[in-house]
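Here the structure is laid out as structure tokens; the discussion comes afterwards.
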């Protein structure tokens, strides 16, 4: 085995597995049970929490927190459960200042921009891009080759199929009662090939048909058919 | 006194007070005069700046910066003053990558999500939730049991009463002249029980009456009466 | 030469130049070729990547990542190139948790708020303010004495002239085909003295005339003349 190239002040707990030719920056913290594949790079000051798995050839920038657990106070209506490991696929690229929770999986070749965050029990498909400062909530499924642009907000319990484009600062929601009663949450369902313009607003539970386009700044209050273009407030 | 459990490379200045059973991660920086209560947990790479107070039973994640001072350049119209300590109550939960300024107070049982930031001279009431990536400006009062959702923007000089729900990516403002003249700033006033839908826009100084609801994507240009629902652009 | 005041666990690579009276916090990483002017302050846990230049009298907070390189996966349509140094002018003020790329230049007296990010090949003019959590894309020119408020999104290939005000959570775009075909990107052009209200949406390539005002929440779909006020969806 080639020795890993370790920076200064690296703190590594017991039971960590490091692949060949791994390179780790300064002040990195690696908790127990972390598994890092061959040819992985970890930037300075990044924290890899318990059990995080990083596939071969992936690159992780500086000041990230990977594998954290959900939390709650007395105001949060839904329970949170302890999650198993965060699993990051092969050849993924992660920027800087990112937070990703345990219990989530990123497939191979996913790119996550700086300062993005992704909650637990979410799945990100192969070759998808999560933009800078985008926030993805829990229990959401995102398909292959999607682009979630900078600052977009992807709510919980949402389904995004393959090859979907979501513009900058798009906003989605999943709770039409705004926490005034406890109901099952249902985010929008974006079918394959959908495009959403920047700063558009999607209401809870709407379905956007395959290859439909939503204009910039539109407010989508009901389902949109396949292959159409809608715009305005409410979107038509 | 039980010895605190200190991680590696912890830097602690003079005059720090640590309670019983405190647990501190690796690479944590604790500046002078910081006071940490019993049973507090501090995550890796977090920075506690001068004089920060953290109440018993609170938990703070990784890579946070707590207790920073405001700053200005020649373009900033309003003066900034050096602030006294940041005070965090008991049993608060803070995520990762958060920035909170000195001169602000969080009451007990407040939850602050990852990558949120809160400026100086702001008050957050008991059991309120500040969502991930939400930004709260200075001199704002937020009541008890409120939920400020992910990515919402809470302007300066705003009043939010108790039990208010603010959806994801909501935007507020306090300066109708957009810095073209120097006037007193006045943010919206949200009365008790108000609900604001995702990506809604509130103009400076509007008052939203008790238990009123603002629809997703609405633009609120004037006051809203109690108990009504408004939507659209402008909201009606 | 006065000795610099170095914190604990500072990691400094070869070929670093430090000016007089520099003060550096704990756990700071300074890579090779970094050049820090006189009287600069660097906060705890900040990472200065290869070749970053910081002008005299500037102040940089905690947990920042300065000088990073762009990245891509197989889904990103446009190539990324290795960039030369990040150059930060004199008397600049940077907050905490910020990410700025190599190949960008900040003129003197620029203020960058907490958790903001700025991509490569962007120019920020003298005395401009980039607000907290604002995101600025690559190849964008921003003039002097502008204010880009909290959470605003400034797209790539955009031109912002002098003395422009952009409100909180404003969204801009540069690709009317939303990545469905590969075309030259063109962001909005904001002439001198423009004001944009909070949460407004600007479509690709629109020009806003000198001293024009766009209302809060407006969606701007075509050019706006000088000195007028537009509002609504679409903006009129």
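Annotations
The letters A, B and C name the chains in turn, as written, and every chain counts its residues from 1.
Methods note: a contact is a pair of C-beta atoms (placed from the backbone, for glycine too) under 8 Å apart; a residue touches a chain by one contact, two chains touch by 3 or more.
Note that the structure is predicted; figures quoted are calculated from it, not measured.
Chain A and chain C touch with mostly distinct residues; of the residue numbers seen at this interface, under half occur in both copies. The rotation relating chain B to chain C, fitted on Cα atoms, comes to 120°, given as a multiple of 5. Look at where the CA atoms of chain A average out and do the same for chain C: the two points lie 24 Å apart.
Under the contact definition stated at the top, the residues of chain A that touch 2 or more other chains are 9, 27, 45, 63, 97, 115, 133, 151, 169, 199, 233. Remark: chain C residues 9, 11, 27, 29, 45, 47, 49, 63, 65, 68, 71-76, 97, 99, 115, 117, 133, 135, 137, 151, 153, 155, 169, 171-173, 178-180, 199, 201, 203, 219, 221, 233-234 touch chain A in the complex. Residues 7-9, 25-27, 43-45, 59, 61-63, 91-93, 95-97, 109-111, 114-115, 127-129, 132-133, 145, 147, 150-151, 165, 167-169, 195-199, 213, 216-217, 232-233 of chain A touch chain C in their complex.
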